[in-house]
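For reference, the structure is listed below as structure tokens.
Chain nomenclature is as follows: A, B, C, D and E, assigned in order of appearance, with residue numbering initiated at 1 for each chain independently.
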Amino acid sequence: MKTDNITNGEVLIKTIGLHKSFGSNHVLKGIDEEILKGEKVVIIGPSGSGKSTFLRSLNLLEEPSAGEIWFDGECITDRKCNVDRVRTKMGMVFQHFNLFPHLTIRRNITLAPVKLGLMDEEAANANADRLLIRVGLLEKAESYPGQLSGGQKQRIAIVRSLAMNPKVMLFDEPTSALDPEMVGEVLDVMKELANEGMTMVVVTHEMGFAREVGTRILFMDEGIILEQNTPKEFFANPRQKRTIEFLSKVL
Amino acid sequence: MKTDNITNGEVLIKTIGLHKSFGSNHVLKGIDEEILKGEKVVIIGPSGSGKSTFLRSLNLLEEPSAGEIWFDGECITDRKCNVDRVRTKMGMVFQHFNLFPHLTIRRNITLAPVKLGLMDEEAANANADRLLIRVGLLEKAESYPGQLSGGQKQRIAIVRSLAMNPKVMLFDEPTSALDPEMVGEVLDVMKELANEGMTMVVVTHEMGFAREVGTRILFMDEGIILEQNTPKEFFANPRQKRTIEFLSKVL
Amino acid sequence: ASTPTVDVIKSRGKLVMLTNAGFPPFEYVSEGAVCGVDVDIAREIAAELGVELEIQDMDFDGIIGAIKSGKGDLGIAGMSVTEERLKNVDFSVNYVDSKLVILVKDGNTEITGADTLSGKKIGVQSGTTSDVIATGVDGAEILRYKTFLDAATAMKSGKCDAVVVDEMTANEILAVNKDIVMLEEVLSTEQYAICMRKGNESLQEVVNTVLNRLLAEGKIDEYIANHMASGE
Amino acid sequence: MDFLKDIFKDIIDKLNTALIVEGRWKMLLGGLGNTLVIAFFALIIGVILGIIVAVIKVAASMNKKSKILAVLDFLSNIYINLIRGTPVVVQLMIMYYVILVSTTNSVLVAIISFGLNSGAYVAEIMRAGIQAVDKGQTEAGRSLGLSSLVTMKEIVLPQAIKNILPALANEFITLLKETSIAGYVAISDLTKAGDRIRYSTYDPFTALLIVAGIYLVLVLGLARLFSMLERRLRRSENR
Amino acid sequence: MDFLKDIFKDIIDKLNTALIVEGRWKMLLGGLGNTLVIAFFALIIGVILGIIVAVIKVAASMNKKSKILAVLDFLSNIYINLIRGTPVVVQLMIMYYVILVSTTNSVLVAIISFGLNSGAYVAEIMRAGIQAVDKGQTEAGRSLGLSSLVTMKEIVLPQAIKNILPALANEFITLLKETSIAGYVAISDLTKAGDRIRYSTYDPFTALLIVAGIYLVLVLGLARLFSMLERRLRRSENR
């Protein structure tokens, strides 16, 4: 199944000489990377190496200091590009879920499609129901986020992004804030998504997930992609000293 | 080595019918347990099952609602018992380190022994140096906690407790707040401590540590100790449905 | 507080005068200090006692309360003697005759006398006899300011229609405000005196002695003339 | 016993003089009315002004390129600094004698003056409220493709306003107390009514204690009421 | 050009009348001095009182069994409610006319009155500061065998005081503005000096703007100074 998804060969995201500094802190130091349609790219690396910053740059939550980002054939770092429109096509899932606490689950899911005029209320509700059924949370539609467990919240966050029909899903440590027993239910939803052919970029510490689902592992260190490979090769034969050191600590 | 430590057979901590409620929330529902000198007891269980509450009851950070706790032959839940004196003999290490940010590392370690009149300034400093050398952090003696990494902070927190010469060390998820790469350095210190014969009670999600270091695993669920066994037996043949379910999620 | 008898004042070495320095020519501020007719009188009393004079400048409506509670020895503030006040403090002999008059803006044809004040906004200084008289006007709205000068300032911009005020102060106001006029009608005539704590006979005697001497020597008229002049 | 009776009689006497004689309680009632009216309408002005200024400031800090926002932000800063840099009694006198010099309705002058004053403080409360909403909320909104304006209106403001309701209740209480200086410009508020009783009865003790008592009942009563409402609100949130 | 010259001359004239004629600037200077003296000493009283009350309240909430603490806590609550429930101008008059009736030093009365007022607010600031120190700090101290008193003194208070320094600086500025009502009771503060200039020049505009300007410079200057000190303090913390 895996191979099906990556033989496509069409470039979906491309970064050219991507740099990012926060003040004098040079965090991303030139990243040139292509992500193909259907790939499941897993990004790992030590804390502070720039994983989140890279991921957040892809949908311009961080404005790059230099370099270009192309998405679906369009240069989205161009001034004339409408960022809001681009973002509707890139789903993002955060470590801390970031559900809207003052809205019901249903409203969390339908707010953006309706406000952006992509669907009318009715269609958005039907779509939300369909997605909620898929993650087994339809009965929570009228609940508020505060009434859900962490695992449930994260599944809703994924659904909220999916409701926009994105072309790629970005995940920033989606299971790090979860109690261990809830990690599984979120990973299951992500695996299903992967199997359906969704293009995914995932920052995670879950090496099992990386091995099983990833089609490619990027190892980031100090603002660059130090090493990359297929999961099998990557875990079996890490080449860089830093990679070996890191893997020895987390495996 | 392991067996050396537990053949001692002398009871260090004993709880009799221990109950704890927070308001109407009945968290500990009658715990009868004996911890022998030299044992390394590992407590696991789902979130909210009362692991922390049980551990914190042992040194009376939580006042039990009912039941007795005996420590070193003394009933410490007795009104007449001087809690402060008992606590000097029970080290406690917290998930979030709880170092004193306004004091240097040295002062963090020497504050209690000096203020309690157990040592003079000079002896306390010498003792601190000895312990710092042991965890490889002597050069941080004059730093402030804010200048240390998470792993370093937790090692200092362990040292701070050890400076009191405790008879038992209580650990509440000592590695849960650490970045994955720093977990190892803290577990190493704990293993060393275990090998030296320290009695330890550890709440943790690190199953590897439980298996390797623990002499006994307690599985808590909904305020009781549902099942307990040696690590080998526990992981190989869990008996209760809840235990099996839990292990299937975290392993 | 113990009654500030002459002995007390002498041993303390100072005489505390309470006043409200917004009532020219009796008390006003010049060269950074409170001066005026009342201050000149107070100096004479202090000299008679052989002590220094300390002046405390406060809201007029608090003076009697402060005298009662011993915050000061003498209230000298162009204060008219009334029956209400006599119930609470003792007064010296009268030292000035005064009249209450009405000020209006130049060109105001609606207000021509006391009987035309009904339904109007009358500005007064809080706690003065003007306040009492104006409060007695049927249907009038009374605006109680901290000083007559505030009331006059407010009237100039139309915040009130008339100001009821002592004649001599009215003249001081007229001297610097060309757009204000005084009506001829006199609302009441009254006498100023110095107030002090009840039963303080020794002090009252000294004050009366000084006042009588100043009156006999024509000094008070002289003071008034002086301060009226300097007001211009 | 006689001793107690005397004291009791004395108190009754004093209260009688301060409240009943010459219908003085009517003055207090009128003063109380003015105090409440001024505080209430000043709060309304303050909240409206405060939200506008806060949104301008937050918008300007997020969008550093807009010239219009920069100008509005600059003006907002002047306003906030002028108000916070001077005592409210001085502001009131400037409003009365200088800016609104031709307004003959003194209560209106006080409402505007205290309202302008309150606006600067509400703006800071509101701004803190907006900034206290987790940045993740804005990021989640933006990453769904919502514009910054829609994100502010649909996601941030509703949470911010709910959070600052207790602070607004507090602001009303603060205003209520602050209006006690309205007497400076000839307004008959509660404190001024007390002053009149004080100087017409020559009994500062009774008059001041009555006034203080009324404020106390008012302030503590309102504080309790507000915290009850807050608790009920929180409970009805069912989350 | 002539038009501008006229305006300019007019301003100079007005300033001259308000400040130079009869040495009126001296009054302002004296008033400013009193304002600063009152605010400064009131702050000192306020801080001392505030820390005492805060420690009592925190201790009482931790140790519910002690009767003495319960009584002290009860008294503290009365004090805080009385102060926060009434306007400061009413408090000042009560202090002047009723409680400190035999004190003839008005500035002293003002210092005590504003100090007592400030204490109630500092107590709340300090209490919040103590409670903002992570509970884990107390737990760490206690689990080392330190008594609650030693833990409070060695671990909690040092962190709490450092945290509330900015709030105390703010309290001083608030006091500075609040003393503007001292003129109510025979104190020649800055505002009162402005009033006197207003009375003798019949020019409210100039007098009030000068006073407002002085307060503004003072308040904004102090605010900037305090935030500079705070930044330096934070930097020198080297952590």
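Note that contacts are C-beta pairs under 8 Å (C-beta built on N, C-alpha and C of every residue); 3 or more make two chains touch, one makes a residue touch a chain.
In this text the structure is predicted, and so the values were computed from the model without any measurement.
K.L.:
Touching both chain A and chain E: give me those chains, sorted by label.
P.N.:
Touching chain A as well as chain E, we find B, D.
K.L.:
Taking each chain's centre as the mean of its CA atoms, which one is farthest from the centre of chain D?
P.N.:
Checked the centroid distances; the maximum from chain D is B.
K.L.:
Which chain has its C-alpha centre farthest away from the C-alpha centre of chain A?
P.N.:
That would be chain C.
K.L.:
Shared interface numbers for chain D and chain E above half of all numbers used, same, or below, different?
P.N.:
Same: most residue numbers at the chain D-chain E interface appear in both copies.
K.L.:
For this structure, I'd like the pair of chains sharing the most C-beta contacts.
P.N.:
Of all chain pairs, the one joined by the most C-beta contacts is D-E.
K.L.:
In whole angstrom, what separates the CA-based centres of chain B and chain C?
P.N.:
Taking the mean C-alpha position of each chain, the two centres sit 81 Å apart.
K.L.:
Between chain A and chain D, what is the gap in Å from one C-alpha centre to the other?
P.N.:
Computed from C-alpha means, the inter-chain centre distance equals 47 Å.
K.L.:
How far is the middle of chain A from the middle of chain B, if each middle is the mean of its Cα atoms, in Å?
P.N.:
37
K.L.:
How many angstrom lie between the centres of chain D and chain E, each centre taken as the mean Cα position?
P.N.:
19
K.L.:
If you look at chain D, which of its residues touch at least two other chains?
P.N.:
Correct list: 97, 198, 204.
K.L.:
Residue numbers in chain C touching 2 or more other chains?
P.N.:
62, 65, 69, 146, 150, 153, in rising order.
K.L.:
Pairs of chains that touch, anyone?
P.N.:
All chain pairs meeting the touch criterion are A-B, A-D, B-E, C-D, C-E, D-E.
K.L.:
Quick one: in the complex, what on chain D touches chain C?
P.N.:
So the residues of chain D touching chain C come out as 96-97, 101-104, 106, 183-186, 188, 192, 195-196, 198-200, 202, 204.
K.L.:
Considering the complex alone, what residue numbers of chain D touch chain E?
P.N.:
Listed in rising order, the residues are 81-82, 84-91, 93-94, 97-98, 177-178, 180-181, 191, 194, 198, 204-205, 208-209, 211-212, 215-216, 219-220.
K.L.:
In their shared complex, at which residues does chain B touch chain A?
P.N.:
So the residues of chain B touching chain A come out as 46-47, 179-181, 183-184, 205, 246, 249-250.
K.L.:
Which stretch or stretches of chain E touch chain B in the complex?
P.N.:
Contact set of chain E toward chain B: 134, 136-137, 139-147, 150, 154-155, 158-159, 162, 237-239.
K.L.:
Touching residues of chain C toward chain E in the complex: what are they?
P.N.:
Where chain C meets chain E, its residues are 1, 16, 18, 21-22, 28-32, 56-59, 62, 65-66, 69-72, 146-147, 149-150, 152-153, 176-177.
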